[in-house]
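Below you'll find the structures, each written out as structure tokens.
In what comes next, subunit A is part of two complexes: it sits with subunit B in the first one and with subunit C in the second one.
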Partner chain A sequence: MNNYSHFLKEAKTMAANETHRLKIKKAITSYETQVAAMKKQQFSDWREARDVATGIKNEVLENLPDLLQQFEEKLTSRGAKVLWAENAEQARNYIGEIIARHNARKVVKSKSMTTEEIELNEYLEKLGIENWESDLGELIVQLAGEKPYHIVTPAMHKSKSEIASLFVEKLGIEYTENAEELTMAARAHLRKAFVTADIGITGANFIIADEGAIVMTENEGNGRLGMACPKVHIAIAGIEKMLPRLADLSLFLPLLSTSGTGQQLTGYNSFVRGPQSATEPDGPEEMIVILLDNGRSGIYRQEKFQHVLRCIRCGACLNACPVFRTVGGHTYATTYQGPIGSIITPQLRGMGEWQHLAHACSLCGACTEVCPVGIDLHHLLLETRWQAEQEDAASKKWHFAIQMWSKVITKRKMVDALRPLLKLFIPVVKPFMSANQQKRLPEMAKKSFAQMWEKNEFSR
Partner chain B sequence: MSSRDRILQNLQVPNSLKKESSQPFQDSSIYSDYPEKTKEELIEAFRAHFLALNGEFFHVRSKEEAAERVAELLHSVEGNRYLVDSNPLCRDIFSSVPELEKQFDDITKTSLEAMEFAEYSIGLTSADFLVARTGSIVLRSSIAAGRRLSVLPPLHIVVATVEQIVPSLDAALQNSEFRNGEWSYGTIITGPSRTSDIEKILVLGAHGPKRLALILLDA
Partner chain C sequence: MSTQVKQNSKVSLFIPCLVDQVLPEIGLAMADLLRKLGYEISYNPRQTCCGQPAFNAGHRTEARTVARHFLQTFAEADYIVSPSGSCTAMVRNYYPVLFAKDDSLMTQVKSLQKRTFEISEFIYAENKVDQISGHLDLKVSIHNSCHSMRELGIDNQIEEIIRRIDGVEIFIPQVEHTCCGFGGLFSYKMPDIASAMAKSRFEAYNGADLDVLIVNDPGCIQHFRAEASSAGFKGEVLHLVEFLQKAMVSA
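Let's look at the complex of A and B:
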């Protein structure tokens, strides 16, 4: 089945799945209440905060090559290593080499969409490496053999009872629907993984040019443990995660927390600027940052799409999107779901295979409204459709049909002449269309508007 | 050509965006609680935020009183292995009650494997800054004696003075003294470890400390 038919099939099933809809509604309603309250509490003017952030991210795009080199220079001066990966395979191979060099058997991971993008879990499994997702939501989907449902809330689609059954089966605990007990079971289970893992792998929410640091945002402390216990720390970051200065975090951390989870600040925001230094009692002996391109420079070179690289992956556009809420995260079958995913996936993974995502959009603009870095998401979805049309040879027939249609529809006489024909035609196709489309065609009016107008049948 | 050079070359594009130098973000009126407040108001703002995040807050007048609070916290946990960083402020507090000092292991004098580390029930550290706007504690690995001490034990106690309170995050992050020096890791701690991954229900103590206590000392 190709991606398009997969999407259609799943969308149809999920749209009719009432249990799913209730779970998502509950989660997103709680999110929206918290976000609205936090925006009001924290910012005197949310829009202005967004504009300032947008300006800083534009500055990043203007200077990205310089900033990347500045970042590399600073970070390597403190003994860390920077590796540049052009694509997913190269990134995986770098990690494979590090694992081999250290003869590592066990890896503990913190939540990172970039590692999902390069399909690191599948790769580590093939290598026979024991690999633990340590974020609670990620652990839940890993144990269930699924992919994350949402870039910020990976297990949004799982109810307490589903998680309870999963933990009974996989972690051998007593059945409980108490969220605290379930969390404590995961904590106890992963403690051992943290203190025995050879390598900790994390993502990065930001990389800072002037400080030569990576920044990790989290609530649970699993990221901190993964950067504190194992003797090797690998961080993988998309090249667009850049901020020019450490001080910029005093805007971007509250902005990300507010849009991501409705918190003023997430529990832990850590910055790492190298491996253990000579004066410190602990920390990894080796720190490697992998800078991932994997199609991002292709987006960068397109002026119309470049500003989508401002994205800080807060997930706000997913939560706001009526299509996402209806069809659910797994229907997209992509690393990045919702509006942002529907724009970048065709760019990163091929227009032909993924352009249908840009059509799963009503152009309502709710995503653009909530974006904290002012990405014009719904117009970019429209732009994606246009680009797909330009590139797609199969759409020539469609173009021809549209041209013919516009010739007819723009001429009054042609419309009038064709009307009797249309009246004959519709009853014939109607039964077929109703059966296939789950929609009923409206009844044809006896007289057209034009006819009624001519005979002056409207009351004044 | 290396991958590095190819990626950088792919990013060199003739586009309409001009290179503009701009200023680092500075605290401004986009935040509702700007401008800066008096010292008393900053303490109160910090306290309110910290308590709302389920932190345990103790404002003390003297080092003796601070030591009393620490001793009380020791009795509130199971287990009897406690770890402390070698900060002078912590030392001073302990020296006022010598028995207290005996109960703590000094991280600089103890070589600890990760496994053994997990057995400590309390980690006691100092801090670099307290951020009033968010109720956050900022600390570096050099201050907190490494990375693990402040995250592995189930109770993290922080000892700080009122002088360390700053109004906002940028005051901490732009501080050159803070940024200099041989440290590899820093963290902004905002409340105890938490998760809402199961049906958005808040649970404290996901992987890091279940409890976070701050002993704030009048200088």
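Let's look at the complex of A and C:
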């Protein structure tokens, strides 16, 4: 089954899944209430904040090569290493080499979509490395044998009772739906991992050029432990995670936490500037930052699409998207779900196999409205549809139909002459359609507006 | 929309394809309303469609063909008024994208942009809200279409127009501004998602016992009507102009 058929099949199942819909509705309603309150509390003018952030990210795009170089120089001057990975395979191989060099057996991982993108878990499993997810949400999906459902809240689709049952089965705890007790159970399970892991692997929410630092935000403190306890810390970051100055965080940290989770600030914000220094009592002996391209420079080179690289992965566009809410994160079968995922996946992984995602959108524009860095998301989905057609990757069937239609629709006489035929045609094709398709077959009016106008059938 | 329309100018009806072929009563109701507001109206039957169905589905070559036809049809018109937020957005916001590389047509597009209005924004731009009056004892709610709201920036204009009708009770749902799931060819390509979206949207009116859901886009109307019975929605789904037609007759 190709990706498109798979998507349609899953979407159909999910669209009919009331339990899922209500769970997500509940989660997103509470998210929206918090976000609205936090926007009011923290920003006198949210739009202005968005425009400033957009400007800073545009500055990043204009100077990306220089900023990356600056970042590398600063960070390496403090003894860290920077590795450039052109693609997923190269990134995995780097990690493989580090593991081999240290004879490592056990890895502890913090939440990172970039590691999902390079399919690190699968790779580590193949190497026979013990791999612990330290983020609670990630741990839940890992224990359930699933992929993250959402870029920010990987276990958004799991109710408390589902998590409780999962923990009873996998961690051997007593059944409880108390959130704190569940978190404590996960913590107890993970603490062992932190002290015994050979390598900590993290992502990065921002990388800072002038300071040569990486910044991680999280709510449990596990990511921080995971990179501080083991001897080796590997951070993997997409090249677009760049910010020019440390000072920019004064805007970007609250922007991300407000849009992402409706928090004033994320619980833990870690700044890492290198391995343990002579004056520091602890920390990893070795720190390696892998800068991942994996298709990003391809996006960078396209004028129309370049600005999607402003994305800070806050997840707001997913939450706002009525299609995401209907089909759920797993239906996309991608690392990045929702509107942003439907734009970058065809760019990163191939138009032919992924362009259908750009059609999974009613063009309502709710995503564009919420994006904190002003990405014109729904218009870029439109651009993707057009690009797919230019690259001959779009559906031929629909294109043919539209070609025929455009010939007819530009001629009034033909339009009106074909009306009776269309009326006959609709009942013929109807039985071959699904119930939901049948419902929206239009019932042609007896006469077109033009015919009525001609006959002067108006109330005057 | 800040552009002011000259007094007593002629209004040319922009009848979207869906209205022309499936919902002509919306066109009639709009013509009726414009006449009541004192306009001389005209209609050029050569018009058929603005090209939006092709454009939105990514078929820009065909969209251009249809849009060129549209440009010719409306070359002479003073003011162009449409009962659809999304068709107006097509002309105003997307024609410039379609013809970005075509200088000669861009001049026409720019002139068209200034002359094309969605009906509620037209009533507003023209300061005609006060001329609307009527009476209907009904409970209603308003669905401002996504394109009308986010592409054209139409906000509570529709509500203010409806407030001119005595006896109407307006229900404001907790969750406002969520897409109905139409999305043009989207609802044909991904009908199951579109149906579920309509169902969620109808849920916002649960328990409100609405008589009428007032909508300003024929696409959404078509979609809502197709989904109403399976979503258990008992009220009527009417276009703003149909609603005003009812209200102004019964006044």
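By our rule, the second predicted complex is superposed on the first by the 436 of 460 C-alpha atoms of A that agree within 3 Å, B and C clash if a C-alpha of one lies under 4 Å from a C-alpha of the other, contacts with A are read in each partner's own complex, and residues count from 1 in each chain.
To be clear about the criterion, a residue touches a chain if its C-beta (ideal position, glycine included) is under 8 Å from a C-beta of that chain, and two chains touch if they have at least 3 such contacts.
What you are looking at is a predicted structure, and each value in this text was computed from that prediction instead of being measured.
After overlaying the two complexes on the shared chain, residue contacts for A:272 are found with subunit B alone; subunit C is out of touch. In the superposed model, A:55 makes contact with subunit B only, not with subunit C. In the superposition on chain A, A:22 makes contact with neither subunit B nor subunit C. Of the two partner chains placed by the overlay, only subunit B lies in contact with A:191; subunit C stays clear of it. In the superposed model, A:405 lies in contact with subunit C only, and not with subunit B.
Which of subunit B and subunit C touches more residues of subunit A: that partner is B. By the touch criterion stated above, A:297 is placed in contact with subunit B alone, subunit C being left untouched. Overlaid on A, the two complexes show subunit B and subunit C touching no common residue of subunit A. Of all residues in subunit B, those touching subunit A in their complex are 2-4, 6-8, 10-13, 15-20, 22, 24-32, 34, 49, 107-108, 112, 114-115, 117-118, 133-134, 136, 141-142, 145-148, 151-152, 168-170, 173-174, 179, 182-201, 203, 205-209. Remark: subunit A residues 26-27, 30-31, 40-45, 48-49, 52, 55-56, 58-59, 61-65, 68-69, 78, 84-86, 90, 134-137, 140, 153-155, 158-160, 163, 179-180, 182-184, 186-187, 190-191, 194-196, 211, 219-222, 224-225, 227-229, 239, 244-251, 253-254, 261, 263-283, 287, 291, 293, 297-298, 300-301, 303, 306 touch subunit B in the complex.
Here subunit A touches subunit C in the complex through residues 8, 11-12, 15-16, 21, 25, 322-323, 325-327, 358-366, 368-369, 382, 384-386, 388-389, 394, 398-399, 402-403, 405-406, 409-412, 415, 419, 434, 436-437, 439-440, 442-445, 447-450, 452-454, 457-460, going by the rule given at the top. Residues 15, 17-25, 27-28, 31-32, 35, 43, 45-49, 51, 53-60, 62-63, 65-66, 69, 146-147, 150-151, 177-179, 181-197, 200, 222-223, 226-227, 230 of subunit C are the ones that touch subunit A when the two sit in their complex.
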